[in-house]
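Shared between the two complexes below is subunit A, which pairs with subunit B and subunit C, respectively.
The block that comes next holds the complex of A and B.
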C-alpha cells in the first residue's frame, strides 16, 4: 500500500531564489498519491475526512534558529515569492478546468473567480477554508497582447434571447434540445422555446452548428445592442460638471489653476459626441454660477450670496452644449484662476454648492467633479475638525480608530459624521449623477464623510494631502485627464445571476444597491471593480456545473444602449484538494482586501486585520487537512502551489496604509486608501499588497525593456521587499512600483557613471527631487532601457505611474519606499518569515 | 347596581387602552414585514421603503416603552417582565444607532431583519391575546363578582 512504512522522504524543494526563472516547486512525492481515485477509508486514505489526498504541495522546512530555539525558524531565502509573471497578475492556466482559459468562458480580465470550481456542499466549502467569490471589472481595458475586443451582437427582430423565468441571457453553456427548437437555461433549468428567427440546426454533440458565427454562443464575454425596451428614457448625453472650491487656499496652492488648465486641455477629447454638455460652478462663502449661453460673447459670473436657500439664478445656460458654447467654456477656464486670485475668504459652503449642482444636473444626470481644499465650514452640512487634538486619528483616551470595538460613532474617525452627504449621494444615484471627490487640502478634510458621495454613486475619492501645484500639479493633471478620458458607461445598472442552489451573499465596491442583486451605477468606468461572494442556498448542489452571469446595461458615450454580458460555467467538485488546484491567489487576495476594507469602513480596524490573517490561516488549514499523513508528520509547513503566495500578499495587506495600526497614519489618508482598495481591480490590489521592486544597477541593455516571445516586455528580475537586502546598500538604485506611483530610489554612494548614463548628471545632491528627469533615451543605452522599462510598466497600469519620482537615500520622502518593504519586521508587525511561522503554528494547533 | 356608577369597571377601560395599543403594535410590525417583502420582490425601491419603515419605527418603540412603563407603575408585573426584555433590546439598538434603516445598507441585512421582525411579531401577537384576555376578564369577572354579591 502506498505511503505506509516507507523511508522518510527527503524535504521537498521550496520556493527558489527570487530570480526571474520562477520558483521551483516540490515535485510529487515519491510514492505519492494520485488525486481523485482514492479509496475512502483504510489503506492510504484519511478515514476521518473521506476526501482524496493532495498530490502536489510545497513544503517549507523549519530548520533555522527561531523564537522557539533551533528548528522553529524559517530561512527567509526559502519563503515563496512571486515570479515576474505572477507579479503581473496574469491568470494561471493551471487554475482553470482543462488546464487552459477556454474562449467560451468570460475572459478573466472581466470576471475573475477566486476558485474556478464550486464546492458541492457547504461542508466541503467550510472544510476547504477558501473564499468563494468573484471580482468583476466590466469595462476592463485590454492590457496584454492577446486581450481581445468584446464582440458586439445586434439582435434584430425578436430582441435578445433570454430565459422566460430567470431572464438569463443566451450563453455558450445553454443546452439545445429537440433538434435546436428548444433550449434549457443553465441557471434555472427551465426549457425555453427558441424564437423562429433565431433557430439553427444542432450537430451530433448537441451544439449549434452556427455557433462560430454567433459570438453569444461561443464567447463568454459578449455585448448586445439593447433595444428601446431597455431604456426608461432616451440615452443620456455625456454631462460633465465641475464644482471648484475658490477659497483662499484653493487659489494660493494653485489647485484652481491646475484644474482649469487640465480641463481646458482635454475639452476636445472628452468622450461624447455633439450632445456633450458641460457646466462649471465655483464656491467659497457663496455659490458662483457661470452663464455660458451660446449667444454671449463672454461668460458671465452670477453670485448667489444667500446660502441658506440656494436656487438656480437662470433656468438654463449654465449647463450648456459643449460644441455650441466651446469658445465661452474655453474663455472661462482661461480666466477662472484670475477671477478669484484676490480672494481672501477662508470659508467653504460645500453643502449649498452641492445642492445647487444637484439642481443643475438632476434632469439629465452625468458626472460631477468636486475639487475641495477647505473643510466645509459655513452653510448646511458643515463638518467639524474631528482630528483636532488627536494625534494621527486616535482619540485621546485610547484607540477607537485602531481598537477592536467600534466605540460610540462620534468618536470613531473612520465613521462618517454628517448624514447629509449620504442622503445626497442616494438622491444623486437616483438621478444618475456620479460624484468624484478631489480633496486637496492640507488640514483634515473628513475624507470619510465626503467620500460617501463617491462611494454610493459609483465615483472615486482622490486625495492629494497638502496639494501644492509645483509638487503635485502633474499628478493631479494626470489623474484628472485619466478620469475624464477613460472608457465609461453612463446610467448603468448591473445584475449578477447564478445557478439555482447558489446565492450571492454580499457585494463590495462603489455602487448603490437598488434591488436584490441589482447595482445602480450612474457612471461605470474602466478602472472600477465590483466584488461578490457566493454561498450555497441549501446544503448540497445536485448539478454538475454552476454558471454565473453578470450583465451590465449601460449607455456608451456616443449614446448607444448596450448590455455587456459575462458568463462562466464552473464544475462542481467534491474533493477539497481539487478546489485548491483551481484557486486563484490574486482573486483571493482581492476578496480578502475588500472584505477587510468593508470591516474597516464600518469602524473596526482591528477586526479588518484579524479577518485577513484568519482567512489566510483557514485556507492553509483547509489544505493541510488533505495532505498525506507522512508530510504532516515532518512538521514542515505545507502549502498548496496555487496559494503559496497568499501569506505574503496577506502580510502586505495587513501592513498596507489602509490597515496598519500606526497612529501616524492620518484619518484622511487611511480613508482614501480604504476606498481605493474597495473599488479597485485585481491587479491594483495585488500591486498595493505587494509592490514590485526592480534593481537598476545591472547591465541595462537589451533584452531588458524589449518584448519577449510571449509579447510581454522583459523586466529586470524582482527583488524581495526587504530593506536589509536591498535598500541597505548605499550603492544601489532601485525602481519601486505599487500600482499608483513609480519611485526611483538612489543610494548615497550610487556610482556616478550610472547617474551620468541615466540622468545626464554626475550627482543628484543639489537637485530638487521633484524636478529631476531622466535623460532622453538617445543619451545612452542605459537611459533607453530605463525608458523602455518605465513605459512597459505604465502600459500595464493605464493612467497611473506618472510622473517618475526620484528619492535619494536619507531624504524624508524615503518613507514612501520604506513603507513598501513588506517583508521586514516593523514596529508592531512580524517579518515575512515570522509570519509564516505564526501561520504554521496556528494551522498546526487546529489540524495537527 | 347603584345608580350613577359606570356600567364598565375602570380596569376594563385600562385594559381596553392597552389592547388598542397592542393592536397598533401588531399593525406597525405587519406593515414593516410587508414592506420588507415588497422590497425583496422589487415592488418598491429602497429609498421609499426606508422612508416608510423609519416613519413607523420610533412610534413603535415609544408606544411599547410607554405601556411597559405603565405596567410597572400599575403593578402588573407579569406583562411588565414579559415586555421589559424587548424594551431592553430596543434601548440597545437605539444606543448603537442601529434602529433606523439606511437605504444604502438595507439589502445586505434584509434576511436578518425579516427574522427579527417575525420573532417580534410573534411576541406582540402573544401579548395582544394576553391583553385581550385581561380586558375580557376585567369586563366579565366584575359581573360575576357583583352577581355573587
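The block that comes next holds the complex of A and C.
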C-alpha cells in the first residue's frame, strides 16, 4: 500500500527547524521532530501564524474528471489498508517519543495513548482535531513474544513511597534533589522528603545510582506489595456464586446441564487454593437454595416459594468453603439438571433470586454468575417484552408503525427500563460483588436492562441468542471456563492521576465511579479495558513533559494485596504536525468506539454514528490545515501517515452491529455488542471494526503457520474486506477473524482436493456446517498449516476463545461473513471509497 | 461467640492472618478493628502473655506465643475459658504450620490461608451450650481466673502517654538543634564583625 513504509525520522534532531518541504507518496523525506522546541506557539494568542507545516503526508488523488454519478473517482487499490503487522494492532514505535517504546514508560500492553504527546493548549488540541485519551487494560495477559512478567516490588521499611500531596507513586520520572534526600513529584511538582529507609545516592545526571536494581525507578509498569494501610479488611477469598435459571426453557435447551457440567469440570482449577468459596442457587417461580454444609452426606434442597419478601432459609452453609464441601458441590452439580428435568414452569423470579444472592454474599463479596433464559416475569423487577411487534427485518421507522401501537422508537430499546437492576448493581459494587450476566433466551431478554448489573460492577454480559446445547454448548462452556479461570483481581479500585494542567474529562468501561474519580471494580479481569479522555486546564502547559499515572489496587486470587502502577511521561508539543506523528490509530479508533457507545447507550444511535464520522473528519481536517499550500489541491486527499487507516476503521465501526441503522439488528444483539465494545481492549475494538480476512486457497505449507524471526507466526496475506473482490469467487476458501470467532467461508465450487486436504471429506454437502471439524494435523500438510494458523490467531487473542465455524456459500449464516465486508456499500451505508470522498469533501468544505 | 479473630506478629504488629467476618449482624466492627490494631502496636516483650481487655460490651482476649499474638473479640458474657481454649487451638495449629516462616513474612496477611482453619474452629465455639464446650468449661475452672483483666482505656491510654512523652522529647530535641544552629550563626556573625 502506498506510503506505508518509509524509515522513521532519525531521533536526536529535537530542536531542528521544521522541514517544510512536501513529500510525494511513498518517498517521505526524513524530517526533524520539532517537538517541544516550539513552546512559543499559541502562547502569544495568535497560534495560527506559528504552526510549522507537516513534512510528511500521504496524498490520495481523486480523478475528478472520472465517470460521475456512482464512481467516486478514487482508485480503490490506492485506498489505505492495514499491513499484516498493523492488523495485529502492534504499537508503532515511531509514534513514541524518540521513536522507541522506552522501558521506563508504561508498556503499551497495559496503556495505549491515542497520542503519545500532549498539546500545549486547548487551542492546539482543538485545531488538531485529534482525540486525546488513553485505553487501560491493567491486567492484560501477555500476547506477543517479549511481553514480560510485571516486576513486583516490596517496600520493606519505608512503606510505599508516594507524594505527600497528590499521592502519586514513586516512578522513573520523579526528579531527585539534594543528593537523593528529596524528590520532586512529576505530577504536582511538590518536593517530598525521601524516607530514610529508601535513601540512595544519586549520580552526576541526577539519577539514583541504584536505578537499575529498582524496578519502580526504571520500569513504567510495576506492581507494589500493599501494606496493611491499603486494606480495610483482610484480603477476601475468591467467592463464586452461581444463580441458575431452572425454568422450562433453561432445562429443555440444555443450558442448565451445560453450565453444571462446565462448572463441575473446573472445580479443581478454581483459584484461591484452600480459601475458595462456592454457593449455588436456582430459580424459577421460586428461589431454590442448597445446603452444602460439610457435615452432610448429600446436598439439601430448600425451596422458598415466597418471592415477595425473600430471605435466607439458613444462617450459613449455603456459601461454603469449596475445599471442605468439595464432594457435595460436585454431587449437586451432577444432579442439578435431573433435579429440575420435569419442570413445566415458564416463570422466572430473577429479581427476588438476585436479592437472595446478594444477601448470601454481601458480607464477603465475590463473583455472581447469573444464567438466565426466561425474561424475568414474576416477583419484583419483572420486565416486559419491549421489542414485541417490532421485531427485526423491518427497515428503520417501519417498526413503530406496525401493530397499530405507537411504540417508542427502536432506539429507546437501548435505554434500561427497570431501575431495580441499576440500584442493585450499585449496591453490589459497594459490597464488592461483581455480576456476570449470561443470557441464553431465544426470545427478547432485555439485555440492556439486565446488562446494567454487569456494567456497574465490572462484570461482563454474555449473549447466546437462542441457546441450544448441541450448537452453542461448547462455546458457552469455553467462555465460562475462561471467565472463571482467567487472571483476575478482587475488591479493586483504580485511580488515574495526571500532571497539573491536564484533567480527565470522561471514563468509559464497566465500573462504578466512587467520589469523583475513583473507579470501583469489585472484580477486574484480564480482558477488561477502561478508557479515559483528557482535557487541558485554561492555562497553557509550561512544562516540557506531562505524566499520567494509573494505579490499580487489587487483591490477587491468592489473597495478596497489590498495587499495579503504570506511568508515562510524554512531551508537550505546540506543533500540530508533530502531534500527528505521535498518534496511534488503534487507540484513536478505540476511543471513538467508546465515545460512540456512550451515545448509543444513551439512546442516540444516529448521534453515535455521526460522532465517529465527524471526529474522523475533524482529525483529517486538523491535518490538512498544517499541510503545505502546494499540496492542498482540491482533488487530493491529505492524510497523516499515522492515521491513514482511521477512515477505514471508522467506517468499520459505524457498520458494526452495535451502531448500524435499525432494521436487521435485534435489540438484544445490539445491546450485547455495545456492552462488549464499551468494556473491551484496543485489540478487540480494532478487530471488531476491521476483521482480518485471509485466503486459504494457496500453498498451505510452512513457513505459513510457523513463527518468523521476530517470534510472530507467519500468516497468509490479508485481503481487503470487499465481497466483490473476494467472496465473489465460488471456488474460494477464506478465513475471517473478528476477534470473537473464526469463520471459515467455503465457496460453492471449492475444489474437492482442498476439502479433502483440510477436512478429509469429499464435499460438505450433507453435514451440518457448525459441527464440521478440521482434519487432524497429522492428516495432511495443509490441515497442519490451517491448524497452526488457527492456533496462532487464537493465541494472539488470549481473551477471546474464537470458536471455528464453517460457513458454506449461500447458507443463512453467510450473513455473518457478509456483514464484516466493511468496504462494500450497503443499503444505507457508504462504501470505503465513497466514505473517503465524503470525508474529503467535508474537510474541503471547511478548510479549502 | 468469637466475633473477630486476628493473628499478628508481636515485633511490629504486622497482621499475619484473620477471619473474614461472616457475621452479618455485626457490620459495625470497625471500631473494634481499630482498637485491635492499636493493641498490637502497644505490645512489648514485657506485655503479659495472656490478657483480657474489656471494651464496652465486648472483651478482647489474647495470648502471645513465640512472637505471635492471637487475639479474639467476644461478648462480655462469653465464657473466658472457652475464648482462651479457642485461642490455644489456633495457636497450636498455627505454630505447627507456620512457626518457621513468621519472622520472614514481609507482607500483611501472609498466612491468610489460615482463615479456613479459623472459620472451621470458630464454628465449634459458637454454641456455649454444646456438649463439647460444656465439658471444656468443667475441665478446669480455676486457672483462667489468673488471667488479668484490664480495660481498653488503660491499655490504649498507656500508649497515649507514651506518645506524649515521645512528642515532648521530640520537641526538646528540635529546640536543642535550633539552639545549636542559632549559636553557630551568632558565632559566625561575631567573627564577621
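Here is the rule we go by: the second predicted complex is superposed on the first by the 768 of 848 C-alpha atoms of A that agree within 3 Å, B and C clash if a C-alpha of one lies under 4 Å from a C-alpha of the other, contacts with A are read in each partner's own complex, and residues count from 1 in each chain.
The rule is simple: contacts are C-beta pairs under 8 Å (C-beta built on N, C-alpha and C of every residue); 3 or more make two chains touch, one makes a residue touch a chain.
Source: prediction; values computed, not measured.
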Partner chain in contact with A:228 - subunit B first, subunit C second, else both or neither: second
Which partner, subunit B or subunit C, touches more subunit A residues: C
Which superposed partner A:338 touches (first subunit B, second subunit C, both, neither): neither
Partner chain in contact with A:324 - subunit B first, subunit C second, else both or neither: second
First, second, both or neither for A:753, with subunit B first and subunit C second: neither
Which of subunit B and subunit C A:302 touches, first, second, both or neither: neither
Contact footprint of subunit B on subunit A as seen in their complex: 409, 422, 425-426, 430, 456, 506-507, 512-516
Sites on subunit C touched by subunit A in the complex: 14-15, 17-24, 27, 33, 106-109, 112-113, 115-116, 119-120
Parts of subunit B lying in touch with subunit A, wherever the complex brings them together: 40, 42, 45-47, 97, 102-104, 106-108, 110
Contact footprint of subunit C on subunit A as seen in their complex: 154, 156, 225-228, 231, 233-237, 273-275, 316, 321, 323-324, 362-364, 559-561
